[in-house]
Every structure is written in C-alpha cells, then in structure tokens.
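Both complexes below contain subunit A, partnered by subunit B and then by subunit C.
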Partner chain A sequence: MDVLYENLLTLNWAQVAMWAIGGVLIYLAIAKEMEPTLLLPMGFGAILVNLPNSGAAAVIEHLFEIGINQHELFPLILFIGIGAMIDFEPLLTNPKLMFFGAAAQFGIFFTLCMASFFGFEINDAASIAIIGAADGPTSIFVANMLNSSYTAAIMVAAYSYMALVPIVQPPIIKLCTTKAERKIRMNYTGKKVSKRTKILFPIIITAIVGMVAPDAVALIGFLMFGNLIRECGVLNSLSETAQKVLANLITIFLGITIASRMTAAEFLRLETLLIMGLGLVAFIVDTFGGVMLAKIMNLFFKNKINPMIGAAGISAFPMSARVVHKLGLEEDNQNFLLMHSIGVNVSGQIASVIAGGLILAFLAK
Partner chain B sequence: MGINFEYLLNSLPYMGKGMLGIFVVTAVVVMVVNALNSLPDKKNKK
Partner chain C sequence: MEEFTIVDALLTSVIGIATVMVILAIIAVLIIVVSKVIRAFENKTAKSEAVIGDTPAEVKPAGVPMPEGMNEGEVELIGTDEKTAAVIMALVSHNSGIPLNRLSFKSIKLLDDEKKGADK
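Right, the complex of A and B next:
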C-alpha cells in the first residue's frame, strides 16, 4: 500500500505553488482568452513538470534540448508561419512608417539599462529587455542565445504582456497625446505595390539585416522566407500550410516545451517578480517611444501624423494596430487608422528582430 | 542582486549604440524600399 502514497510524501509547497501558477495560466487562456495557444500549454506543462518525480519532465526536457536549446528550432520554424501570415503592403506603400517601428524599440534598450541597474548580469538584463520586442519567438531566441537563467519567466512575461496589449497601451497613449492629436485624420493613398517589390523585399531585408547582425540572420531569414512563400504567387499551398498547420503544430510544442523551465526551483524566485515588472516597463516605454517620434515628426512635417500610430510599432502583431485603430474611432468615428497602424505594426515586427540581432551582435560573442 | 550603478553605467552605451543601429538599418531599408517602388512597373509600361 505504501506505493500509493510514498510519492505523495515527496510533494513540497513550491510544487503546489507552481500548480497554482499553472492553473492561473490555464484560467487566463480559457476564461480571458489571453494568448490561449501558448498560455494553455505552458500552464498545463507547469503542472506536469511539477508533479513529484514527474516522469514527463525528462520528455519535456528532451523537447527543450532539441527544439530550443540546441539551435532554437521551434521559434525559428514558427517564424516561417508568422512570415507567411504578414502582408507587408501597408508598409511598402509608405516606407517611412518603418521609423516608428524603430522608435518603439526604445523600451528594449531602456529596460536593458533598468535591469542592469537592478543588478542583473548583462546577458540576463538583455534577455529581460527583449520582452519589449513583444514577440515570443524573438524573446526565446535571444534569451537562449545569451544563456539566460530566466528563460521561463521571460517567456511568461512576454506572452502575458502581448495578451495584455489592449489593457497596457491605451492609458499610456492617452497620457502621451492630447485629444486634438488623437483626432488627427490621415489619408490612406493605397498605392499599388508591384509584385516584384513584394518578392524582392524579403530577400533584400534578409541580406541587409544579415550583414549588420549575423547572429540574427536565422530569425529574420526564416521570417522573410515565410513571407517569400506567401508573396511569390506559385506556392499558395505551402503558404497556407505554413500559416495554419505548421504554425499551429510548432505552437503546441513550443508552449509545453517552455514549461520545462517552469520547475519550482527555477521559477519561484524573487527575480521572477522583478522580471514581470521590468517586462511591463519595456512595453510602456516602447509605446512611449513610438508615440513621441510621431510627435517630434509633427513639428517638421506639413501633413500631420496621428501620434497614436507610433504606438503600434511595439510589434505584438496585430493587436497593437487594432488598439490604435479603436482609439482613433473612439475620438472620431470617421477616423480610420487601421492601414497606417498595420503598416507601423509590421515594421515593428522587423525592427524588433533587428533590435534582437543588435543585442546579440553586442553580447553573444 | 541589488541596486548596481556600475552595471547601469556599463549598460548605457548599449542603449545609444542599439538605438542608433536600429535607425541606421531602418534608414537603409527605407531607402531600398523607396528605390524598389520607384522602379517602373512592367505591366504599367505595356
């Protein structure tokens, strides 16, 4: 009879606490629909690996080794799917929108300094800062390349705040802008972009980023490969598979694999709370950076820009663009900012990868 | 762990270099996209 309860006796409070955290993640995924595709597998995985003497821990650890630790395979393959989902046309019609994506990466570098200030080693500080990329695969890729010991907390923070974009961004945008600025209307010209441009764009971006930040070329390369499949016009079946089947499959594995880092010993630390706080700072400062660049540009340009679109440079595609569009309609029900904010949003996707690549170029050597 | 001014000072150059790097790369990309957009469209020519 001892067999029935001897394993139970090895249970400790920390493991129970991790079940509770896993339960909260599952609750947020199902009841609040916050990034359910990732938070649900992560929540379930957190329970799974924290059962006393869990036989699943070794299997999930093996998945982590082959899928993330060795060559960051899962996030990279997921990027093929994301690339196939993105339509860069709004950006290509108005390329200067890319500068908002660049400005909205300020939160990453600000948070790097803040994390350093709180005593994190530079590789951990940079890994925490990349939460501000608002992009799960980039966060996983950079944190893993920098051998951060806080990967799980970084993942949970990154995906939680991505899901919280509709709650985090509006008050910051409103704080940084006046009512008159939020009412600025922007015309969308909807210029036609040639197929040649759409095909050359992913190839050229890969070459440029690859030359500047070679450590990130896999990240941008896989993203742009997915986009090339989408835009080439002769691989529609592959494009659909990448967008749906491939992305879904990898997402299932990614979520539960990250849970391998959610053991009580690794996750229940004071630093986890600090990382959650710093992640929030990164999102707030990202939003601030994008909005402020638009306000500065308005000082010099005749055609005024609605500063709210700068906030969409945070990446977090496509939630951030929707948030900005909704805020525009709240102020003026005829102010349609969606195409502009989508353009900024996809530029944020590229800029966040560039930021990750630069961080790796600085620190991964 | 704890407040560390030295770490903060050491990290500041990364902020400067990082933001400068992003804007430089972005400027190059914008120029390239503008160049691509300015190329004549074969279909329109016909």
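Right, the complex of A and C next:
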C-alpha cells in the first residue's frame, strides 16, 4: 500500500493542469471535431505522460526518438500519404495560382520578426514562425531540425489553428475585402491536363526545390513521391494504401509521440501562451497576405480574381479552400470558387515546404 | 546560438519571401512550358495515329449494329476530354433518336476558335 501512497504523493498541481489541458484537447477533438485525428492522441498522450512516475513516458519518449528526433521519420512518411491525397490538376490548369501560395507565407516571415522581437532565440523564433505554414509535418520537421525547446507548444498551436481555420479566416477575409470583391465570379476553364504533365510535375518540383533548398528536399521529395504514386496510374493499390492506411497509421503514432514533449515542466511556461498568440498572428497575416496579393493582381489583370481565393494559400488542406468556397456561396449562391481555391491551397502546400526549407537553409547551420 | 537581432530577422524575412516568390514563379513558368510541349507532342502523335487509322484495313463495315447495350471502337479526341466527349455522344444519340450502339464516331475535335477562346 505504501507504494500506492508514495506514487499519489508525488502528484503535483502542474501535472493535474496538464491533465486538464489533455482533457480540453480531447474535448475539442470529440465535441467540436477539431483535427480529431491529432488532437485526440495528443490530448490522451498529455494525460499519459503526466501521470506520476508514468511508465508510459519512456515508451513514448522512445517513439519520439525513433519517429521524430532521428531524421523526422513520422512527418516525412506522413507526407507520402498527403502527397498521394493531393490532386494538383487545378493548379496545373492555372499555374499563376502559384503566387498566392507564396503570398500566404507572409505570416511565417512576419512572425519570425515578431518572435525575435519578443526575445526568442533564433532557432525558437524560426520554429514558432513555421506555425504560419499551417502544415503540421513541416512544423514538426523544422522545429525538430532547429532543436527548438518549444516543439510541443508549436505542434499544439499549429494543429489547433489548422482546425480553427473556419473560425479564424472568415473575419479576416471579410475585413480585407468588399462585398463586390467577394462576389467576383471566376471562370473555370477545366482544361485537360495530360497524364505526362501530371507525372512530370512531382519530379520537376522535387528537382527545383532540391537545388534551391536542399534542407527541404526530404519534405518535398516525400510529398512528391506520394503524388507520383498517385499519378503514375500503375500503382493504384499503393496510392490507396498511402492515402488511407499509411497516413492513418502514422497519424496515430505522431499524435501520441508529440505528447512526449507535453510534460508539465516543458509545456507549462509563459512562453507557451506567447507561442499560441504568435501562431494566431501567423495565420492572420498569412490570410491577409494572400488576399492582398489578389487585390494587387486585380489592378493589372483584365479578368478579375476573387481576392478571397488568396486566403486559401495557407496550405491547411483542404479546409482553407472549403472556407473560401463557402464564403463565395454566401455572397452569391452561383459563385463556385472551389476549383480555384483548391489550386491555391495546393500551391500553398508547396510554398510552405519551400519556406520551411529556406528557413532551415538560412538558420540551421 | 549567435546573436540574431530584429534587423537580421527582417532581412531574413524579406529575402525569404522574395525567394519563395521567385521559386514559385519559376515553377509556374516551367508548368506552362512543359504543358505546352507535352500538348504539342500529344497532338502530333494523335494526328499521325489518325492518318494510320484512315487506312482501309482499319475501316469497319458501316451500318452493322452492335448487339444492344454494346459499344466498340475508339473515338479520336482532339482538345476534348473523355467526359465532354461522352456528353456529346449521348446528346447526338438523344437528339437523332439513334441508339449509341448504332452510331459510329470517328473523332471529336474542339474547334480552333473555341480553343483560342478557352485559352484566354
């Protein structure tokens, strides 16, 4: 019986607070359906590692070592699944959408400045800024490569805000656009993209990004490998496995593994709140950047662009595209923006990886 | 970790966003170029195949209906996707009152005028 009492007596308020945080994550995952695939394992993991003398902590720590710390295996493998899920056709039919993906990375660089201003070390500031990539695997990859001491807070912020895209983005979009702009209709030509183009696309992207940002080549390479499996047409079974089984399997491990960084000592810090705030700023500036670029482009193009599609460049795929499409329908029930916003959304996916790679290239050395 | 000032962060940010823009611009240009090259190559191949397909050996006896519900043969699609072609064939069949298994389509081609219009 003494053993039981001893264990109970080692429990402290910080651990209980982490149980509460874990409970909130589980609640958000189940009741609000906010990124449940990740928030639920993270929430449960947070409780698991904060039990007094938790025997699970060592196992989860081991998962972290092999799955994330050594060569960022989990996020990279997850990228194969994501690549297999993405259809780049809307982007290939209208390549100028690429620019919106770039503009929606403003948040990353703005947040880098803000985090530096708040006194974070450069590796931490850059890792926090990557929350603006709105891309979980990229955030994990960069934060881990830069040895950030705030990996868990960054993960929680990244995935929480990705889940909150339908709440965060609409007011910003409405604030930056007029009703008339939101009503702009865009024609979708629906040009056929040849199979050869779809096959060459992932190979070319990998080669270009690999040459410019070699640190990001693992990320873009695995993403494009997944896409090549999808588009080649002879590996349907592998493509389906990557999209469903592989992605689900890694997601289960990824969520609970991130929880290894959610011990009370590591998570309950004032900086965590600051990181959550900076993450929100990153998402807001991303949205603003994308919308503003569209408005600027409208000054020069004859065929007007609905500025709302710029907001879909934040790579939170496909939530952001859906949000823009829905906002378009709210203003005009015959205005279908989905194909355009999906095109921007997938370009954001590429742009966020490039931005992550550049941050690593500039700062990892 | 070496000292990193707010000025350094600003400089990194400006260079970073500019580089992302330039890389994506390069990718966009490459997509356009590669798509055009592939389209030209495929159109050329399709035309040469069409010439071969016009030889008497390939011609099937006209007017012989396939059994009900069965269709055979290939339609040459130029600047048209399969979905659009299927819709066109269904429309022709519906409007003419001739069942699809009695109709023979050689090719469905997007007219040049429409093509230019679509590219704008």
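Everything below uses one rule, namely that the second predicted complex is superposed on the first by the 365 of 365 C-alpha atoms of A that agree within 3 Å, B and C clash if a C-alpha of one lies under 4 Å from a C-alpha of the other, contacts with A are read in each partner's own complex, and residues count from 1 in each chain.
Note that a residue touches a chain if its C-beta (ideal position, glycine included) is under 8 Å from a C-beta of that chain, and two chains touch if they have at least 3 such contacts.
For clarity, every value in this text was computed on a predicted model and none was experimentally measured.
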item: Touching partner for A:N123 - first (subunit B), second (subunit C), both, neither; value: second
item: Touching partner for A:A20 - first (subunit B), second (subunit C), both, neither; value: neither
item: Which of subunit B and subunit C A:I30 touches, first, second, both or neither; value: neither
item: Contacts of A:T189 with subunit B and subunit C, given as first, second, both or neither; value: second
item: Touching partner for A:A58 - first (subunit B), second (subunit C), both, neither; value: neither
item: Partner chain(s) touched by A:F110 [first = subunit B, second = subunit C, both, neither]; value: both
item: Subunit B versus subunit C as contact partner of A:L270, first or second or both or neither; value: first
item: First (subunit B), second (subunit C), both or neither touched by A:F201; value: both
item: Set of subunit A residues, in rising order, touched by both subunit B and subunit C; value: 91-92, 95-96, 98-99, 101-102, 105-106, 108-110, 112-113, 116-117, 121-122, 125, 191-194, 196-197, 200-201, 204-205, 208-209, 212, 347, 350-351, 354-355, 358-359, 362-363
item: Subunit A-facing residues of subunit B, complex; value: 1-5, 7-8, 10-12, 14-15, 17-19, 21-23, 25-26, 28-30, 32-34, 36-37, 39, 41-43
item: Sites on subunit A touched by subunit C in the complex; value: 91-92, 95-96, 98-99, 101-103, 105-106, 108-110, 112-113, 115-117, 121-123, 125, 189-194, 196-197, 200-201, 204-205, 208-209, 212-213, 303, 347, 350-351, 354-355, 358-359, 362-363
item: For the subunit A and subunit B complex, residues of the former touching the latter; value: 91-92, 95-96, 98-99, 101-102, 105-106, 108-110, 112-113, 116-122, 125-126, 191-194, 196-197, 200-201, 204-205, 208-209, 212, 270-271, 347, 350-351, 354-355, 358-359, 362-363
item: Residue ranges of subunit C in contact with subunit A within the complex; value: 1-2, 4-6, 8-10, 12-17, 19-21, 23-32, 34-35, 38-39, 42, 80-81, 118-120
